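In structure tokens below, several structures.
Shared between the two complexes below is chain A, which has chain B as its partner in the first and chain C in the second.
What follows is the complex of A and B.
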């Protein structure tokens, strides 16, 4: 009997390992969200029948107004809150079950966090063993790059320094799914540049990186796919390439009918319009964000 | 590198690479920075660099040696020149033409100006 149980358990382990190997060696949808319904109370749904797929080899930028549900979506992916109905599949697992085999592949950097009153060495001793691929040398390099005083107690560090410690820890776990909620909040100007460099080097083909942000100018050259949440659903999910093939962003002197949305600027208007002449303009993420909020209906036919 | 607002990032990076080649900083048959190295240096998504390198490969400016990396092509300078010429003809010349037309500037006047400019700047 005992050996039979052990065999079943071994088979479980093998199954989990196979699932992971599959997800880590192919370009696949690492996250599959199907008809997700979620809300903190029954009467106030946050997501209604939301569906979307996210694959490895990308840095997704998650945008949305305050309260649009960016953090809640990220928490759903990390298994910190549960769907009311629908399914959420992360690398073949249901994150709500919080299986260690999945959790060690998720690096979740929340916007608000708590760090205990210990030194970094003690923190690592207590937490790194949960991640079998934890890379101590890489962690050390990241701390050096971020200029962290390693002998200081975590609790005595500034918010920005603490944030850099957990970012370094998260990346050193070598997790394949990296979820960051407003990672550049609290970082000073040189740290933001360091952060961009670190993320550019952390983006490998086997990883899926999702970053929510209001500070689009901090990150717009890092993001290759934009996900925008609005009105309980995904208002836009498109790669930067697709967006700039369909739309052009430019300065104009006057606003005419061809323009979908425009904002006054010093020398005229910053405008978004359909890309009639195959122009290759630079995506202005802030303008796109405002444009979608203001003219959602005009964008729908372009991206379906 | 400072990015401008008016052109796709991958094209601005292509210009950056072309400039390095024209200035002789990156020479024929030399290895160019890997996708990741350039992504880190310029703080952009590696997929963007990949798009730049694919474009430059199509223009015969760089080559991909499988498993080793990207190299400056043997005739890269000609490649850069013809790529930049197309860009000039398509993007910049129409703006100049428009002004020539609107301001009613004669071609003879332009020719004299052009010759003086070349003499003053390039001693040719």
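What follows is the complex of A and C.
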């Protein structure tokens, strides 16, 4: 009886290990969301039957208006809130169970966070051992790059400095799923550039990075896929390449029928139009964001 | 990887929790020590006060019992009530919940710090304080006015009162689980409530006890209606203490189970 129990336990352990190895060595959907229904009250749903898949090897930019549910979606993925119905699969685990095997593969950088009143070395000593792949040298390099005073107590640091410490810690855990909620809030201009550089270098084929932000310009040239939330669902999920293949972003003097959406600018209009002639243009995320919110129906057929 | 319990991970969690909770614990312990010393200094008999009050051949130090109970209750309840306070504050709760340890390990760490370490350290601090003052009394006994001390020698006059067989420690075993029950209640309160954990838990416990007490009173009154007492066999003390022990143990386990479930279901 005892040996049978031990065998079942060993099989469970092997299953978990195999699941993780599979998810970390293949290009697969790391996150599978199926018919997710979620809301903080039953009468006011935030997501209605939301479905989406996110794969490794990508940096996703999660955009949406205030209250669209960006942070809530990230919390669902991290298992910090529970769905009312539907399924959410993160690397083969149900995040709601908060299993250590999954938690050590998730780096969650919240918008508001707390760091204890200790020095960085004490913080690392207490927290790093939970992550078996924690890279101390990489952490040191990131701190140096972010210009963080290592001997200072965390409590005495500015919000921006604390944010850099928590980002450096999260990346050094070598977690495969990196979730960041407004990571550039509180960072000064040089730090934002450093952040983009560090995130680009942190991207590997076995990692999936999801960044939610209001400041779309902070993610310029960093994200490869845009996810836009609106009206309780995913309004757009497309790679930057797909968007620029299907749409062109131009400055025009006058608005005509071919233009899907335009915004007045100093020298005419910033316009979004279908890319009939395979022209090359740079994705203007702010313009796309406003365009999708204003003309959702017109864009739908292009990205289905 | 065992996703329910791993001794190494549990050890790491205890060390990590010490970073946050350790300061609250040590500060509380220092305050408790100061309060105990204060009470002893003001209540202990002094030669200048004249003849100390005697109780059955021993110097009476009865002030110790209410102090032990009240200070102990406050210490262990405040400690338990502050363990999971982080979960009431979003920024702290996210970091705590995302720590790669199982819910069971996080719960066990709570039980360890509040019940085992909390109660254990209070007993230790109280014992040390009491021992020091008893030693002091025994050593200075000759300074007191002459007094009839019965069969006891001056050297053992006070110390004997502490560990005296007349204290009948057997009967106090019935209360062994009461402090555990107190910590389990306040630990649940610290998970359940997001703010003002201590007050809310205390009020909830007071209301629950009042309702339960009233219901028991009503039931007993109803059952005893129109009945006449025909025997006077005396109270079965042993049975009463056993009931206290078992019921406090069962209630503790009940509260711990709810705490675990609440911790598992905690959302930010």
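Keep this in mind: the second predicted complex is superposed on the first by the 301 of 304 C-alpha atoms of A that agree within 3 Å, B and C clash if a C-alpha of one lies under 4 Å from a C-alpha of the other, contacts with A are read in each partner's own complex, and residues count from 1 in each chain.
In this section, a residue touches a chain if its C-beta (ideal position, glycine included) is under 8 Å from a C-beta of that chain, and two chains touch if they have at least 3 such contacts.
If you're wondering where the values come from, they're calculated on a predicted model, not measured in any experiment.
Chemist: Aligned on chain A, chain B and chain C: do they clash or fit?
Modeler: Here chain B and chain C can both sit on chain A without a clash.
Chemist: Who does A:78 touch here: chain B (first), chain C (second), both, or neither?
Modeler: Second partner only.
Chemist: When the two structures are overlaid on chain A, which partner does A:130 contact: first (chain B), second (chain C), both, or neither?
Modeler: In the superposition, A:130 touches chain C alone.
Chemist: Let me test your reading of the model: by the given contact rule, A:284 touches which partner, first (chain B), second (chain C), both or neither?
Modeler: First partner only, chain B.
Chemist: What's your read, chain B or chain C touching more residues of chain A?
Modeler: Counted on chain A, the partner with more touching residues turns out to be C.
Chemist: For A:59, decide between first (touching chain B), second (touching chain C), both and neither.
Modeler: first
Chemist: Between chain B (first) and chain C (second), which, if any, makes contact with A:103: first, second, both or neither?
Modeler: It touches chain C, and chain B stays clear.
Chemist: Could you tell me if A:224 is touching chain B, chain C, both of them or neither one (first, second, both, neither)?
Modeler: first
Chemist: Is A:250 in contact with chain B, with chain C, with both, or with neither (first, second, both, neither)?
Modeler: Only chain B; A:250 stays clear of chain C.
Chemist: So after superposition, what is the minimum Cα distance from chain B to chain C, given in Å?
Modeler: Minimum C-alpha separation, chain B to chain C: 28 Å.
Chemist: Indicate the residue numbers of chain A shared between its chain B interface and its chain C interface, in ascending order.
Modeler: Dual-contact residues (chain A): none.
Chemist: Give the list of chain B residues in touch with chain A in this complex.
Modeler: Answer in residue numbers: 3-9, 11-12, 36, 39-48, 51.
Chemist: Would you pull the chain A residues touching chain C in the complex into a rising list?
Modeler: Interface residues on the chain A side: 9, 13, 16-17, 75, 78-82, 97-101, 103-104, 106, 108, 110, 112-114, 116, 118, 122-123, 126-127, 129-131.
Chemist: Can you tell me which positions in chain A touch chain B when the two form their complex?
Modeler: 57-59, 193, 196-197, 200-201, 203, 221-224, 240-241, 244, 250-251, 280-284
Chemist: What part of chain C is in contact with chain A in the complex they form?
Modeler: Going through chain C, the ones touching chain A are 1-3, 6, 9, 12, 15-16, 18-20, 86, 89-92, 94-95, 97-103, 264-265, 267-268.
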